[in-house]
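The structure is given below, and queries will be raised subsequently.
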């Protein structure tokens, strides 16, 4: 299990507590949903909430209970086919774009499946039977895996609900926070030869290591993400129709899709609105812009005469910051003003998602965790208003295709030292 | 309202009884469904059960209550946008392929909508207020419209459920009826100059008239539909790979889709099975074949050295038969052996769906009922095991595109008098 | 060979003369073309001029020389693969949409192929060897086949050249004929029971028979095709944006393709222009409109409050007219004012292309001539300014898909007797 | 003009000689082609030979003659529209996928255009008029641009001809070189902090700089590219059907396209053959494999238990080698055995094409040269058997999409120092 690079391991009690916390948070996330809401699949990239509930459960069943709990029996052997996502070595899978067509098992049966697996796993850990170290390690991985799906669950849901002309709200609308415009300033960072990547004894994914040396030229990093106010200036300056600002491929996508604003935005009576998890809302000018693609982020940076940060620059800047976020109690489900590096929006970097020097994927099905995605995707750093706090750390690398917008994606500007 | 060609009209009491019967049958049809089942939309041609519930209700609201009941108020004005199907003149519509993404209103809200409209319409008819003749006529049309959707509801559902690897059953499986092979014989019919199309005082759609003269050459019509046993002979003789049997376009579709049997069929341990509304079932050899496209039906007829019937030939043969069917009590939801002209499968004819001489669509939104579909579709005659009995009559013309297979579509052979 | 329904046959001398005339006309048609022009294939429906040259030659080689001239040898056996169009029973074929990628054999080699086959066929006929009757009959068919391709050759070429921003002219531009507006009048025709379809001893295709009885209600037929002036009135009245005028499918195609005028039209300084075989030309107001789809023709007729003719109505009206056309000397390559039933534009009818009662395709590869196209296409009658005169007769049925526009397609209005 | 990073410039005489050499080489490349061959465009990625002839000419006209030769007149102002490739700031362009539909101007007119521009440019340089330094610099860029198109011209042609079932040869077939199997060995390289990127006074493209520091871990690089013999072992071991070897996206493309061997390969009588510029040839076992995508290269490396080189590793290894190649006299047009780093195949690296630290695109239309492609493409290093010698240097970066195969693309293996 080399996807976890650590020296110390949680105790069984600690892991059970984490497991319980994570599972309860998932329950809280789906509490406002009807059975019909949980069926929504609006595109192949997104999955129904019900599928997320089942898949995160399957992960514990497939990788822990089946190999490590000899007496475990599944409530339905066919769930392995239905709820595997892409782990080829874990067997055949149901077609990804047909997940929204699985009306049965229904929500109740999926909840029963969750209960069954939760009980069995708690028993297994409690019992101390088997290869306890591996079981704990895999349970920790499974909890982090479920936290990733918590964010997907709400962003997929937002995308699904956005096709409903009635524009329903997932959470109660809240009054718009009043905030002041914050000027865009940059902080200088010295370059040099650094070690980058995961270290120490916390949890990390395989792709966050190995820790390795890299040389970084001096650079400057913006002190806040790009705001909606900034973005509206770009729109009003014709940014979406100035081809020289765009990557050739970005221009093609933008034209084909008819982009003229971030996803979920529209104009109404001269003001910009957006559809959010709290229903239709006026665009909050001093909150970070969200739901923009890499292509748009890149064009914006060129328009601003600067560039996006590299992921190494970002990591260097983030190393010594304190992470504040919203795990458990405070999920905002929309970016708030005065964004820090954490918990507002994921920040597009200019770095493609590639293996670090020395990276070798783990053996077995879990080796498919990140390595097989290492082409054509771009790294984002930080964490959004839908990201569990435990998912945020300076070395965490998430990645999406440059055309994707349905996640909570924003950007932070950077520039060379001499600019 | 010239889509009804009749001299006598039902009384208010008769129409209320019909209305109640039809609405209750719809309730019976959805009784076995979960809220999740009612969300299924597996292709643009099909709609979710929940949408059918709402759309058939909207029809009464839009065309009767809004214009004829001055005090009527809709529970939600936005439903008109969500649940209009294609009536352009009735205003803008929600995208047809996105109906499966409307999780709200949920099933309960749709049931409340149904109750509200049912009560309002019953009150209106009871009161005798307004243009009673038009209200009765439109209510009759709305009932027939809802009966059409009853058949769509179950066939759309079958298609939706068929994407579930668990192959759930809509109705309890039933033991396979034992039956004997019936030889295929033909009955000769004299030709001559006939009057064809709707007459008398019963209900009919606009496209069933005007009644008009047509000359028919002598012909022979098969005494039963093509059976599964017949179809297996076609398969085993390589019918799906003999290009000369196929229309050029049929061959292209067949190859692109990889057809080698009717929709929902597969082979297992040497036997043919099919997925049905009663779950997976062995193919019933002497039942009519179902779920074949026009292209397949046409290729089969060529393979058999004969042809499909024209719709006029079919109508002449059907004129004097007694219609038996399954409305209300006995819906079989799968074709049974010894099929008659009625109630087993729709029968592809070789006739494109075109206007009868003198046809002119009614004015207004209801003029869009059939006329705008009069290109590229083929007429089917008869009625299937999912067709309400009141939808069956010698002049009824249903129509589908030649590549479509998800309806209960079969075929009957014909040939020239001298063959 | 039942695709020719006739009692008398041309003599060998007559057929040789026809053969020579037709082949020379093809040479004249390609005389203005460069080798590069002859490569153009702008869509799958169209073929390069070089391919037409080769394919029409292959037809004589495949169906006459190979079976009937024992000593015949092909200059290249592989041409049979390259230049078969769709005759499945004549063996495998090159992909239709890749014909424009066959740079070799070049034009010179194709001309040599033509010479070789022409000489061999002339020798065969001259010699009187073999089954002379069949040879003459097949040669006649091959000549008519080549005449069909002559029209395709120029319309395919127009489509190919239309993608060139330089808008080159195939033939010299000619000054616009001055003409006067002709009012649109209708002639009444009595209905009755008629015999329709090919008879007598002239050449006809399989689908023009068998001659058969049909009943026709009284009708009225317009005395001229719809003109460009008429069409502009339709445009100016918003015909392209009034959905109720359109078949549902026509509307979808029209919107997807962005149609707002006939193919090849554009507006410039307030006037309509079109791209023609004589280069860009102002639209000739009193010439028949051309390059409109069935969907447009149908919408126009509905806008005008009438309908298109059925093919039977057209045939009845055309029976006693004198055919004038442009074979050999006078090909106009653009519709001229004061159009008759012949030689200006093909006229869309409201009749789908279906088999006549009693139709059975001939045995063998030539049985594929027309029968396999009998679905989803609409019949056109008459003949265009690019149609050889010998292709025009009252019973001739050409057919295209309702969305196609690149042929010389126009329309004539009809209405019921009581309208 | 910061795309050339150099201290010294060629003299006018030197540049004229280069210009003449390059233009003559283009003439030699198209000498075997017919006008029909020069029309071939088999996909949007490829262009007709005639277009390459015209476009490389337009480049000199647009960027040198029009701004710097006041008396210059173009033979046809419309050529600027037809023959611009993607330089947005140089004005609108003809649709890229329609280049094969421009039959006029024909080959002769394009040759005349070349002559006209060549003469005008030679006169301009000779005259010493204007901003001579810029003119020389742009001419040098234009020559390198034309060399890039020389390689595209022959690979595009190969792709075009490959659709011809007759499999014509561009160059005479040559007997297969006899060669011996060379074992695959690796050379160790020390890591460290290096300067990478263009330096000195030779020509280079914008994306080859700025020269910058980078840290490289110790690594090992294979001493020869992967050979056809190696690749066949991969095929025979089932490499194309072992999903765990593949990037997720690579697997999807591979399945959708039905890949089971490099492009242009097929099996015949138990041996592998490939279609080449010298016609069909048996696969040369000890020559470098060619026409493989990045996805395939990556899967091969994983199968071999190693990885591809990074572009930095490659550049370090290549720095001190002597470049041999085939410019002018010796273009092989197929990879030969015993491949070096140069002149056989382009070698896929594991490095996405991204800007070097400090990169800023030049101002103006030429700023679009490379920067706008910096997403989703992978760097290849070296040079193929179709690459002009002057295009080969240790810092040269070419780039293609990971699914592309029609270029002369192969691979070289690498591994970590401790493997």
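Letters are used for the chains, namely A, B, C and D, taken in the order the chains are written, and counting of residues starts over at 1 for each.
Here is the rule we go by: a contact is a pair of C-beta atoms (placed from the backbone, for glycine too) under 8 Å apart; a residue touches a chain by one contact, two chains touch by 3 or more.
Remember, it's a predicted structure, so these values are computed and weren't measured experimentally.
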Query: Tell me, which chains sit next to both chain A and chain D?
result: none
Message: Show me the overlap between the contact partners of chain A and those of chain B.
response: none
Query: If you average the Cα atoms per chain, which one ends up farthest from chain C?
result: A
Task: Would you mind pulling out the distance in Å between where the CA atoms of chain B average out and where those of chain D do?
output: 59
Chain centre separation (chain B, chain C; CA means) in Å: 38
Query: Between chain C and chain D, what is the gap in Å from one C-alpha centre to the other?
result: 46
Task: Indicate the residues of chain D shared as contacts by at least two other chains.
output: none
- prompt: So how do the chains connect up here, line, ring, star, complete, or something else (other)?
  reply: ring
Field: Every chain pair meeting the contact rule
entry: A-B, A-D, B-C, C-D
Message: Per the contact definition, I'd like the list of chain C residues that touch chain B in the complex.
response: 86, 88-89, 193, 212-215, 217, 243-244, 246-250, 294-295, 298, 350-352, 354-355, 357-358, 367-368, 372-376, 378, 402, 416
- request: Report the residues of chain D in contact with chain C in the complex, numbered from low to high.
  value: 34-40, 42, 50, 78, 81-82, 94, 98, 100-107, 160-161, 163-166, 168
